[in-house]
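What follows is a pair of complexes built around subunit A, which joins subunit B in one and subunit C in the other.
Showing the complex of A and B:
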């Protein structure tokens, strides 16, 4: 168990052509489950590689329990890694792959052949690959290989687990189950875990703290609730939450936000105070989550916006409806039985309290006193 | 459709019969071509092999003697009477030492080329290749002088080190491509699993290139075994490998063809045996690359 601290980490590739990490600082508390959420190419795998010591950082420090391990050999860091690319040993069976970390010279006296076999079988059964122990990696499907890779990390009890998209290649049902299993394992063992994923739902449901990374920069870090409720900028607002938050470009007119001629929105008191002194010609980005909008009849007095219903995506109990109004596209999430017919005129209502405001230039959140 | 099992129950129409015939014809053509190529390569060896068992008059007869009573006289003369069996031991010593040295040095070097950021790496790599490209005569004289100064002439070290000039680049070049085919994540996985860089190399990477090493070693043995020039000029009579000693059977009063062929046949047997024994590894080594986990 350990606390992991990353301070001002930078990493370049190809002689500076690619800036993979730009001044990353993070902290994962002892026994915490930390998710690093970001799109492909954001720098998640690079962060894991630097943490594991597979690649050297250009600058910055990595601390494990306040001990600087930036220049330590990977074997002495005692961190277990599950690689996104699996990196299984092709000539070894699943059993031998899982036992390999336990056979390390560092752990020579910890394991007897019997306890080793017991541990391997235990982990294999946990991951549902108990019947595959005598197969070679090439005889496995992608999802099975990924579980072996995960198992090879979980088989020992290191200071921390570094899991790089460990369940990304499983089918949806299994992924859902593994998410629960991972959380349970981590809670039981209490081992610090750093977990990367491009899936915001995975991050929100697993993490106790998380960070959103994009283009090698940390956009925001905090608890999942903080990140979901108070996204620090437009990127985070749109990346976390599904379907993505609607972002409308508005202008400040008096104490109202105007969306062309389509809408006039009266600001609440906290927003008005936050926007006082904001130049009126400068646009304000209004963000509103699809789930926070409601449909009304088109002539209802509370309708803030009028639109025509377009594509409807049925997700089961809920549906995502795309509305269009004068070139503007808005998405709504609502119960399927409330979904309009395609082409129907509808009104849209939402509460100003559910809105998020962002600066159009910096894309950063305009904080209010409630934040 | 399989003709053997269906011809009794299903009457084939003319078109199907034509297709079947075409397929069978293609197969026979393929066999014929294979046989021709095999013959082309096998013929010189068979010719040498047969001459070894003929008497001098049978060999020099103006018409080819197709049927004769095999004799072991040539083998006795060259191997026992002249004592040339020692030369085969010499060749073995030289070839095995050369290859051992080259594998021990070359495999880790190739790994380093594949994995580490060495300044000017590709230039170094091509420089190593130029050793392999240089014809033996270019290096023969400098090597002779070097070994003479170092008092190594006439010892086994001279041909062994000289043979390394072309086998070592070969080993490094081939082994690097084998290592390049192995994802770097495998090294990384082993290192995070609690192994040092060397531990990762020995436990995780080396087992993957085993077949490759066998193939490369086998080729190196053949190169060393067949080498002529260094074996001739850098050695004494006591340390000369077999290939370089064959010219001594060309005498002023005529070439001892029977003994040449008997010696050549004997000399080719250890290598032929090795290739047969390691055939499977060789094919796997040569078709290497599909190790992506």
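Showing the complex of A and C:
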């Protein structure tokens, strides 16, 4: 049980050639499930390694329950890590791997051989690797190894779990199940968890607070709902949500946004106020999620945009349609039975209330009074 | 598919080389071992005598003695070299970040020919002017000439052999240590393992294959030791340092009994083959068990 606070953490590699973390600050409440979401190479694993104490921070502080642990040895931090690269002990069986954290001299009198075995079997069964206890890591598939790595973290009850993409290499079905299991375990034990993932859906569904990290910087942090509804910049807007948000480069003309000659969009009152004083020569980025757009007949009066239907990706119930108009590409998500034929002329309608505006230079959100 | 037709041409140079420098001498020795062939006996002119040489060998007490000497030398020297090599490897791979630079320097004794190393041994152990010999004499530890002593000649050879080969073992193990994956160590840190646990449960199991290779090479090499012994003691005093290869050399090139010498070499060959095969399997099995005895 612990609150984790990260303050202004910086980390360089190769004598400053690589800036892995640039001034990261985060807070994860006691018993919280915190997701760190970001693409590959964003700095997720580095953050986990600094938290665990495997690598030393260049500057900044890490607090565990308001106690500075920045310079503490990993073994004294009492954190459990599931490594993205598994980091299993190659010459030890699954059982020995799972029992290893319990055999630490730090926990000498906590476990008897019987309770240890009981705990190992319990965790192995939970993760569906109960049959594999006597195998060596090299005799396991990638997904099985990953579950052993996760099990080695879950086997004890530390102050916090640090899970680095712990289910990334499982097959889709198992991943879905494990997501539920993880959330359940975490809620039951109430152990603070920091969880990294490149999968926005995983972050949105698991986290109670989360942060989006990119290029070693925190782009935005907050609850999943906040991040989804009010993305702080274009990167977050496009990274969270699938398919990514459409971003159109428009210009302010009076109280309308103009997209070349293709579209004229009348601004709502909150947007107009937010844009008052915005230089008219500077473009405004208009963001709209694929699910917030509707198809209309091409001649319908409410059609805001006209386009030709291109590639159609059927995802079962829903489909993602790519529309093109004068070099512009827009993606739409709609029910499969409403999908147009390829090459069909269509109209597109959406509501200005569903739009997000971003500054074209800073890429940051142009906030309105509704935010 | 034409490449398949030419495949034998590609192999030919290597095959020829193998034939000329390995297979031919081997077959020659093999045929000699079934002949009476001695330069000092006018009746032994190379006539075929079946397994007579081998029969003689079975009843040869000196031959058994040479085997005993070989083992008395081999077992301790390999154990010492393994332990020392591991210790040195652990030290330098940890203390020196760029330990690779040290490797060629460390290998110097191993790169010298055993004859030179043997001479170094002879000179340093000389009780009158050798650096170590004088010291041993004056301190009263060993009153006699080390290499002339029944008690100390073999230990001296073991020491010199260790001087030559410990760096070799250390280099293989250092290379192994530097190449080990670092993830299990990170996990061990987080899991709260102490250094002893980490050594026995992470390092040793991972390093084991390198250890096996180093020890195997040493066993094969130690079994046919000749140069160092020949330079230092010629098998003496008496026969206390007369290893199998030295004994075979004495028969072949001192007594000029090519037939009997060849038979001795054949036995040595068969013995090494069996031992290597057996050792390799045994060590592999141990590794397969996960090194769990640690």
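The working rule: the second predicted complex is superposed on the first by the 371 of 371 C-alpha atoms of A that agree within 3 Å, B and C clash if a C-alpha of one lies under 4 Å from a C-alpha of the other, contacts with A are read in each partner's own complex, and residues count from 1 in each chain.
In the analysis below, a contact is a pair of C-beta atoms (placed from the backbone, for glycine too) under 8 Å apart; a residue touches a chain by one contact, two chains touch by 3 or more.
A quick note: this is a predicted structure, and the numbers were derived from the prediction, not measured.
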Ask   = subunit A superposed: clash or fit between subunit B and subunit C?
value = clash
Ask   = Is A:80 touching the first partner subunit B, the second partner subunit C, both, or neither of them?
value = both
Request  = In the overlay, answer first, second, both or neither for which of subunit B and subunit C A:90 touches.
outcome  = both
Ask   = Can A:100 be said to touch subunit B (first), subunit C (second), both, or neither?
value = both
Key: Contacts of A:324 with subunit B and subunit C, given as first, second, both or neither   = neither
Ask   = Given the touch rule stated above, what does A:145 touch, subunit B (first), subunit C (second), both, or neither?
value = first
Inquiry  = From the superposed pair, tell me which subunit A residues show up as contacts to subunit B and also as contacts to subunit C.
reply    = 49, 52-54, 73-75, 79-81, 83, 85-91, 100-101, 104-107, 152
Remark   = Interface with subunit B, subunit A side, in the complex: residues 49, 52-54, 73-75, 77-81, 83, 85-91, 100-101, 104-107, 137-138, 145, 152, 162
Task = Give every residue of subunit A touching subunit C within the complex, in rising order.
result = 49, 52-54, 73-75, 79-81, 83, 85-93, 96, 100-101, 103-107, 136, 152
Remark   = Counting only contacts in the complex, subunit C reaches subunit A at residues 181, 183-184, 186-194, 197, 201-202, 205-206, 208, 287, 290-292
Task = Quick one: which bits of subunit B touch subunit A in the complex? Just the residue numbers, please.
result = 183, 185-186, 188-197, 199, 203-204, 207-208, 291-293
